[in-house]
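See the structures that follow.
Here subunit A shows up in two complexes: once beside subunit B, once beside subunit C.
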Partner chain A sequence: MRLYNFLCKKVGDLTVKYSNLPESYIKRSYEQVYWKNPKGYPQYPAAQVARKKFRFTTNRPWTMQFARQNERTKLNKKVFLEPVGEWSVFKGDRVEILVGKDKGKQGIVSQVIQERNWVVVEGLNTHLRVVGKDKDFPGITIQSEAPLLVTTGVKLVDPETLKPTEVEWRYTEEGDKVRVSLSSSRIIPLPKAAEETFDYKSKELYVENPAKDTVAADATKITFEPKLCTFEMDIMESMGIKEDRVPAKSYWY
Partner chain B sequence: MSKTTSLFNLIIKRNISVTTPREGKRNFRKFVIPNKRGSRLHKQNQASPNPELEIDKRGVRDIGYVLNGRFVKVPEMIPELIVPDLTGCDLKPYVSYKAEDVIQSEFTAQQLFDAVYSRKIVTDFKQNKLTEDGEPLEPSDEEKLQPEEAVHRAKRTGSDIF
Partner chain C sequence: MNFTLFRSVLRNVTSVTYRSNKVFSLCGLPQVPRTIHTTCKQYDLMEFFDEKKNWNESNIRVGRSWKLDELRIKSNGDLHKLWYVLLKERNMLYTMEHECNENVKLFPNPERIDKVQESMDNIETVIRERNIAYYKLETGETGERSVDEVVNLLGLNEKYQKQEYYLPKFMNTRWVRSYFEHGYINSLAVKKFYRLYKEKLYNIERKARNRDFSHVQHLLKRFPDMDMEKLKAEYPNVDIEKAKRSKKARGHYMPKY
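And then the complex of A and B:
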């Protein structure tokens, strides 16, 4: 069970943050448990038979396309990933491409897929694909970007010299963790687009649903008055419930 | 000749089989037999007053107890959901993302004592309404509380001590 849980921690932090969904929901949406021992019986250990190896692609783990790619009968070759210690490239960062036909060009990151160490740069490293080709219909040609590896294909760009640099995470005097370019010791700030999620582009721009969302002012209002009674007693007082019976005396031996 | 035969007897010719403990118990006694499983006789036995296995209640708790073969329903054991009137309540099911985290210090027992008793103690002291021991001459309701009454209150409905 512990091994299974360890193997399950494959969905990246950035994916969880972007989705704005609880981590337990994401795990529940892509896991495929085939058999679980019944709970509450000490003779049966907490063992389960489930799928351990998933194929992560540009399709997010909670989507239907991901489920179709990871059906029970589908087996894929193992993808070898270089473990990146601290993730340095975020959505909205300016990066320079080092490989491929767009080598040397700079672009802005539009998508980050941590599970494969991928980064999709807007409008660069593209190829053409034909969609909806029919017998009579010639199909629509679309230019789509191919993902690039964070480790070898892409490098962050210094904000002032606009040259590709190596980046390190360091602490400022105030205690904030920032990215510092090693060539010129300049701080590369986190882009505004990095705090985007499925629900909002940034927290200030979130549009509240008046029927279901508590307004910020109401949520942070302090209405507590210290009283010498428990929560249940307070409710009984406010609802007019009177209960004077005392339970019979009991003894412990 | 006899020496070689006796030596031959000392050679281990048969090993102890370790297959069973290695592969694990293949047939154990404690199979789970829920309410619908089992043979006709087993289910009849379960339905009788003396079942062999504990009846699986599926997480539902009894609302009484069995006395002299009859089930006695206790109305206090029936769960009652107390839902206050929510008209005029501004709080909704979800919190907007614009709301910042509220960080408050812990509300300790000392602070509760100060809120409930400290004011009266200070006014009594200033008006000299305290005796030599420090007991109040005109105690309020909270100050009149005795240990027996406190124990009764802790046992009544509304207490949070279980």
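And then the complex of A and C:
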């Protein structure tokens, strides 16, 4: 249980959703286990020597860059995160910047990094970076966006007044959970870009790979019919297997 | 890579055919050719490998794994077939991963293994649900292997899965009875172990408590305008008023509380 706690709770659920990867894969791609006691021996406790502290940045946990940033010898200072409660800023949201050189400007959130309480706003809060600099090449200067803290750096924009506002999660009468702006009590709908993943922009736009995927029509077809038998009995019946042998008396203890 | 792939397959083919001949001769099974062939086209051992056009791909796009709700609407026969489709796919993925490692290549999309495994786990869950429903209706019991809460040799609580024996308990001299019957619980050694074990558990808890308290102090120092309700919700066991009063929680600004 403790092993689970220190490995699994670190990657935010928005990150898992964005990656469109199984959680077990994300876990095994970023964890660093140096020693694990063999399983199935009562004399060994379930102990392992593994890296516990990871530095999360804009590099996503399943990438090579993340692994390079968290090499075995690298130790980083602890990062303190202000508790944010329920997450309310998503990809595609219009936000106003409260700090820095673009203070007061509004922009669209292009990336959410939940592990650090960060959001990246498209084209704002930028600095210049020189990439590809070499001995005989001066390099190319590009603009890159710096992340902003969701707690103090940005605020969601009210769709009615177009002014920054606090938001709250509430339920509608139909039972849907929605974000409500506190300044004008208007619902701020979730943007379409929030369901974007690494693989597709939206679920409808996903193109099936006919060689590997089950087509949606087959996957949603209902073939279940209730029967008074176990799975094994049903399969044996359909395959014409008859079992007449009576098992010997046995005892469970 | 292709050449090595093929060579290793050929090697496997020869060994397997040899063995299969032997098996047939030993058992004396009649080799009757089946008239109706319902399975898909067979490529012998090449079915352990991916299609040839995928061998040099760097990205093989696949969907997500099967969810529980999608499997619940499928008949038993469909689940049975799907299980073998997934099993073959998993074997293929493991083979390709091994072959890629042999040839020092990157295995494309290794998350496919996890997706297949997750689907197979979900199938098992759905089948178990159906069987439990049947047994509960017919016998009133789940039909699952029963688990007992017992006190083990070291005086610790343990879950014991019952096993099947052909002898009843009182006749079975090789079954160590004292193991679960508090035989050693009163001995000095067990008592000492238990005391030290409790101390260890207590220390783990104490350290976690202190760590949380210190973390909250640091948070108060860094973020004085923080929402205290959210802090309380995240660290319910920390006395925040006490942390506010401490010197460690004071930053380089006029104290706010």
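One rule holds for everything that comes next: the second predicted complex is superposed on the first by the 216 of 253 C-alpha atoms of A that agree within 3 Å, B and C clash if a C-alpha of one lies under 4 Å from a C-alpha of the other, contacts with A are read in each partner's own complex, and residues count from 1 in each chain.
In this text, a contact is a pair of C-beta atoms (placed from the backbone, for glycine too) under 8 Å apart; a residue touches a chain by one contact, two chains touch by 3 or more.
All values derive from a computational prediction rather than experimental measurement.
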Is A:246 touching anything from subunit B or subunit C once the two structures are fitted on A? First, second, both or neither.
first
Once chain A of both complexes is superposed, is A:212 in touch with subunit B (first), subunit C (second), both, or neither?
both
Under the stated touch criterion, which partner chain does A:199 make contact with: subunit B (first), subunit C (second), both, or neither?
both
On the A-aligned overlay, A:83 touches which partner chain: subunit B = first, subunit C = second, or both, or neither?
second
Under the stated touch criterion, which partner chain does A:228 make contact with: subunit B (first), subunit C (second), both, or neither?
both
Could you say whether A:25 touches subunit B, subunit C, both of them, or neither, answering first, second, both or neither?
second
Please indicate which partner A:236 is in contact with in the superposed arrangement: first for subunit B, second for subunit C, both, or neither.
first
Touch check for A:99: first (subunit B), second (subunit C), both, or neither?
neither
Where on subunit A do subunit B and subunit C both make contact?
199, 206, 208-209, 211-214, 219-220, 222, 224, 227-232, 235, 238
Parts of subunit B lying in touch with subunit A, wherever the complex brings them together
28, 30, 32, 82, 84, 90-100, 102, 104, 107, 111-112, 115-116, 142, 152, 155-160
Touch list for subunit C against partner subunit A, complex
51, 60-66, 70, 72-80, 110-111, 113-115, 117-118, 127, 130-131, 134-135, 137-138, 143, 146, 162-169, 175, 215, 218-219, 222-223, 226-227, 230-231, 233-234
Tell me, which parts of subunit A touch subunit B in their complex?
38, 41, 43-44, 199-200, 203-204, 206, 208-209, 211-216, 218-220, 222, 224, 226-233, 235-236, 238-239, 241, 243-247
Can you list the residues on subunit A that touch subunit C in the complex?
20-22, 24-25, 28-29, 80, 82-85, 151, 199, 206, 208-209, 211-214, 219-225, 227-232, 234-235, 238, 248-253
